[in-house]
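For reference, the structure is listed below as structure tokens.
For reference, chains read A, B, C and D in written order, and residue numbers begin at 1 within each chain.
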Amino acid sequence: MSQAKVPTWVNIALIPVLNIMLAFFVSGLVILAIGENPIEAAGYLIYGAFGYDEGIGYTLYYATNLIFTGLAVSVAFKGGLFNIGGEGQAYIGGLGVGLICLSLDHTMPLYVIAPLAVIGAAVFGAAWAYIPAYLQARRGSHIVITTIMFNFIASSLMVYLIVNWLKEDGRMAPNSRTFEESAWLPYLHELLSPIGIEIGDSPLNLAFIWALLCCVFVWGLIWHTRWGYQLRTLGTNPTAARYAGIDTAKVTIWAMLISGGLAGFVGLNEIMGVNHNLLLNFTAGYGFAGIAVALMGRNHPIGIILAAILFGALYQGGAELAFEIPTITPEIVVVIQGLVILFSGALEHMFKDRIEGFFIRRAVA
Amino acid sequence: ATEPAVVYDQAGKFDKSFNEGVYNGVKEYTAETGIQVREFEPKNEAQVEQGLRRLAKRGYSPIVTVGFNMTSAVEKVAKDFPEINFTIIDGVIDLPNVQSVVFKEYEGSFLVGALAAMASKTNTVSFVGGMDIPLIRKFACGYEQGVKYQSSNATVLQNMTGSTGAAFNDPTKGSELAKSQFSKGSDVVFAAAGGTGIGVYQAAKDEGKLAIGVDSNQNHVQPGTMLTSMVKRVDQAAYKTYKDAAAGTWKPGLVVLGLSDGGVDWALDDNNASLITADMKAKMKDIRAKIISGEIKVHDYMSDNTCNY
Amino acid sequence: MPYAIELRDISKRFGAVQANKDICLQVPAGTIHGIIGENGAGKSTLMSIIYGFYEADTGHIEVDGKRVDIRSSQDAINAGIGMVHQHFMLVENFSVLENVILGAEGGAVLKNGIGAARIELQRLAHEYSLDIDVDAIVEELPVGLQQRVEILKALYRGARILILDEPTGVLTPQEADHLFRILKALKDQGVTVLLITHKLREIMASTDNVSVMRQGEMVAHRETAHTSKEDLAELMVGKKVRLTVDKDEAQPSEVLLSAQNLSQFDSQGVKRLKNVSLELRAGEILGIAGVSGNGQSELLNVLSGITSMDEGEIHFAGQVITAKAPKDAAQMRDLKMAHVPEDRHKMGLVTGFEAYEAAVLGYHNSPVYNGKILMNRKVMLDECNERMAAWDVRPPNPHLKTANFSGGNQQKIVIAREVEQNPEVLLIGQPTRGVDIGAIENIHEQIVKLRDSGKAILLVSVELDEIMALSDRIIVMFDGAVVGELDAKDADERTLGLMMANAYNEEQEGVSA
Amino acid sequence: MFETLILMLDATMRVSTPLIFAALAGLYSERAGIVDIGLEGKILGSAFAAAAAAAVFGSAWIGLCFGILASVGLAMIHGFACITHRGDHIVSGVAINTIVAGLTVTLSMHWFGMGGQTPALVGDARFLDITFPFADAMESVPIIGQIYSNLLSGHNILVYLAFIMVPVTYWVIYKTRFGLRLRAVGENPHAVDTAGISVSFIRYRALIICGILCGLAGAYLSTAHNAGFLKDMSAGKGYMALAALIFGKWRPVPVLLACLLFGFLDAVAVRMQGVVIPGIGEVPVQAIEVLPYVLTVLLLAGFIGKAIGPKAIGRPYVKERA
């Protein structure tokens, strides 16, 4: 009688899809409520996101950020930690990237700067996650609250640094000088055109490839290494972790360091890939969106890639939609994002219990 | 036929101030010619360039872009689309297909400064700036000169709301700043702070003080409280771009608009008529003429990044 | 005369588990009625249904001959039913008074209710010798007094029917005796008592009638006077119970592990382990007897390295382990100490893992399971398959989630994991808790086999029968300290029971005086 | 100097008001065991609803009602997720914050077409300041008069209400049946359940109160302190209130003090832009802005006392053996 009673596809496909459908359905109602046609809106959205080269490029560019933050949330989550600090870690990660670029762009070529920038992003992002992690592991301060606080602290710190130290004299906008081209991550359309592949101009850059590599890295790390085994043990049963002789404080801290480092890579895409200078608020909520991505992607790299592309499409399609129907603001995407978090996160039991109950009853009968 | 377009900055076209000024110009043009202007309001940095490209690709021209924040994006896109005409307001780009429109805000600010000094009973007036950038210091400096010209022993209190873009959209802080200035004796406040100004004017109204609007004519925002507005005719900049383009007379290059060509001015209308005495009106007329004639030299903060006049 | 309480065909199902099935029960007023059954037999579920905590799927309840509709605990309270739960239901940082009035405050504002409650509690204390400081904070009270608060809560609400779910599990025999005296007094006042336990001694000593549950069903009703322990035991497990294990005389040799003066304090600063010393020899099983909560768990945790001691030292495998030079659980494993924890769900397994992953928990760093960077899944799977076959784990599917194995099979996975590491010392806590009789025999055999191969085993169990059947030597723990040691040959239930109550010496003195 | 202090404190009262409402809201919710990082969203939602309704109906009171309705509605979504469906409290809070951030802009764009703002509120559509009797006359009396007329007098009714809510909350939490049950439910819901009280019902009621108080906070922002709604106008106040709640260790009076401290820092920060303090130099405003968050982190780390919250907080209640 003790067989697995609920088929796997129910948990990894049926329930997530149902949750997303519900989120979209409610979003449709919102669009209807503001007097627009949801079907037409969906049409613009899908066309804008996937209908042409450039649109796809933008979709993937947004997805790049979301893959990083989604991975960040999920690595911490696997260890039972809720990292809401992705936003701040990404911000500070970007600072690391910016500082490296600003100090080396006159003297070094890209192939020297890029690896250093990767390290800079990871180290700075990780450093920002370290204090909440340390406090959680050694002093029992709740990581959710401390990471929220650290988002605010990061934001103030960045304003201070950029406005007082990094801003170019005489410049209006609070951002640093533009980097030399030796510190620009190449755009994919530039990389691909010499080998005969022409894709439309878009901000999609090398950071996207790095994001995919990070997925592979995270997948191997969590499911195929000892450390991942320890992390998952800690995340599902902390008492068993202590029983197994796992140094829970150390695993906690490392999980957050990796999480923060991953979030920091948003800086690669934004600072080095697209903006080419250090500016304020480039994280634009990607840290929070990462929570939705991780939840929807079931904390698995494949799922995260899919969810990130879905959200990337919403961002890009949403911009297109707002462009075509000015009464719909791009904020509708934020609403959809929130609804996804609500239905696939907070209300996960709503369908899950019923559907699983249905399959269990069927199995028992 | 031209297909005109406009890209606002991230504050959006209803910021009651700078963007809204441009929007008014757009409305005027549409009302007059019946030609719809394609509008775009980007929500983040990436969308600025994306929106510009999309407009350029679809052949919209001229494209009016609003604010110094767009300088680098416009520069990139204008290079890639040499056949499309761009006008950038408040920014300077040296390209053959870009017109750069900048204003002598210091002249207008001087005028309203003088008026503030005339209206003040406490001989203390104040200034609330938005984001602390040279452009806003330019307003402050002109204002201060105007006040001192009228009343050399007057006190001018100055505060900036913040050092980020958010400082242009923080009415709560604006109102707190204004209240603190009032408590130090100010009875006329000039806000060059975008959306933050709304809070400043509200505070002035609540405490029975006078306020001076900026960019658009904001006299209607709090009638009876608004002493005047330092109008910066961004609406005209936009309107003229479209008109000229339609007539084929649009030209690239730098356009500097000041008092003499009506680019900046002080606003007098029904909403503030009762606050302006005939005497004040006369004095203003006189000062205005003197600035235009060059008899009064107003120092431009941005010429040397100081306010030594 | 109608019954105080009567159950008719009560059934309750949790998902796939049929916890109660067509239960009928009649309890005459003013009696103490015992209900016995193995772990998981459905006793607590049934009582929770009477108390309105769960709603029955079918069936109904009559109180004093009248059918009552119990949908919530409030309904049960209104019907005069009170319950003392297996796990206390107290707000720990509230005072006794606040706990007692919670839910019976007597008005929207607390002031009046508190005054009235003070007076009523004084009366109850007087009547049933249930003295307590009503302003004390509950978490500062000893367990016995916390239980008293629970009883007071029920009586304060005017309970005429009192349910106690395994009340003595946390009590020393003396405290238990005191409790039974209180129950007797209540009975004399006409209160009907339902007493859940799986300790046959208590049933025989204090009840009027007894009902037996097995696998969710009520299988027998007896008058206590007309039954025996053996009879009840057989009814409980459904077949003749073999309470002994076949084993040869132990051949203890050298000391493998010795502990001296181990002490440990909990986070509140209470000393949970008091100067415990023991020696463990190769080829013997050392049993630790005691009422649960008397330091056994702490001892296991300290010996296995999960927590470190505050005082004392352990000598093991040539190492000296002290508070200053601690070794964690992983290091102890490296020294070839294995540990089957008392609670497999909370500690021994990760229920979300597939079986083959759970089967290496604690040994996951071993080079056997690891390549240079990645873990070697194939090795893990192969080994798991082998073990499942050898230990008859059902179903033998290494990819099944651990949670989906039954309790007994989960336990086999844990014990196999620890035993197959071929340890020098095996610490084993509650090896057969919640495991059915067939599996118990198997597990006992394996433990003896390990002993016979010259290993040392430390066995902790609250089941006296198990201790006596397996151990070669027995240590008794009380209140964190070792209070006695005897050879298994000299052990009997009475002696051990007295020792567990720390009353043995007193009695000996009494005899000699 | 004294005058400056009075004016600072006066500003502190204004700035603290939404924090006090929101932190007390959080207190009810968290004392009942429900973590509420959705304070932010509820404030924002209420600010929007209140401003929109006040603009349409021209009455601040009607605005307040709508603000409260919106906020209570959001609280009920939180309850539906966390109480009825045993969802994760944090995830639900994040969801609500996100939805509201998007929805307020979308709806105000649709209704008012002003780029995510509501029209500026005038006259009765706003809560106006109340001047105490003889305030003008008293102003010249040193100290007492100044305190009376400059600090105590001249706020709008919601400011006074916020301060009154503190003793009221104290009384409710510690002196009433509801308060006893509320605290019990946050410590050990099983105990409450077996005492014959519905855990869900208490938690829902706590969330309704939480919603009402957040509604007051939001309405204050848009119809009293300001004159209209602006996108993202809550600007982290919900999180700051959460920090104050922790800083005040979930007790009404210390929570009030924490709110006042944070409000005071805010009032100082407003006046610190570019101010040079002799001997120290120019203190970056960011350093002052960031203090509440830093203080909270230090408290959580146990460096300045210890923050121990209700025991059952954040854990969904399921009828299972512990």
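Keep in mind that, in the parts below, a residue touches a chain if its C-beta (ideal position, glycine included) is under 8 Å from a C-beta of that chain, and two chains touch if they have at least 3 such contacts.
Protein names from UniProt, one per chain: A, D = Nucleoside ABC transporter membrane protein; C = Nucleoside ABC transporter ATP-binding protein.
In this text, all values refer to a predicted model and were calculated from it rather than measured experimentally.
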{"item": "Highest C-beta pair count, chain pair", "value": "A-D"}
{"item": "Distance from chain D to chain B - Cα centre to Cα centre, in angstrom", "value": "36"}
{"item": "Distance from chain D to chain A - Cα centre to Cα centre, in angstrom", "value": "30"}
{"item": "Chain A and chain C, separation of their C-alpha mean positions in angstrom", "value": "46"}
{"item": "Approximate Å spacing (C-alpha centroids) for the pair chain B, chain C", "value": "78"}
{"item": "Junction residues of chain C, two or more chains touched", "value": "none"}
{"item": "In chain B, residues with contacts to at least two other chains", "value": "41, 132, 163"}
{"item": "Overlap residues in chain A, where contacts from two or more other chains coincide", "value": "159, 329, 331"}
{"item": "Chain contact graph, described as a line, ring, star, complete graph or other shape", "value": "other"}
{"item": "Chains grouped in pairs wherever the two touch, ordered by label", "value": "A-B, A-C, A-D, B-D, C-D"}
{"item": "In the complex with chain D, residue positions of chain A that touch it", "value": "30, 33-35, 82, 84, 131, 135, 139-142, 144-146, 148-150, 152-153, 156-157, 159-160, 164, 288, 291-292, 295, 327-329, 331-339, 341-342, 345-350"}
{"item": "Parts of chain D lying in touch with chain C, wherever the complex brings them together", "value": "175-181, 183-184, 187-188, 190-198, 311, 319, 321-322"}
{"item": "Interface residues, chain D side, partner chain B - complex", "value": "3, 7, 11, 14-15, 113-117, 120, 128-129, 221, 225-228, 230, 233, 235, 267, 270-271, 273-274, 285"}
{"item": "Touching residues (chain side chain A, partner chain B) in the complex", "value": "58, 61, 159, 163, 170, 172-174, 178, 201, 203, 274-275, 279-282, 284, 319, 322-323, 326, 329-331"}
{"item": "Chain C residues within the chain A interface of the complex", "value": "15-16, 304-306, 328-333, 339, 341, 346-353, 357, 361-362, 364-365, 370, 373-375, 377, 394-395, 400-401, 404-406, 409"}
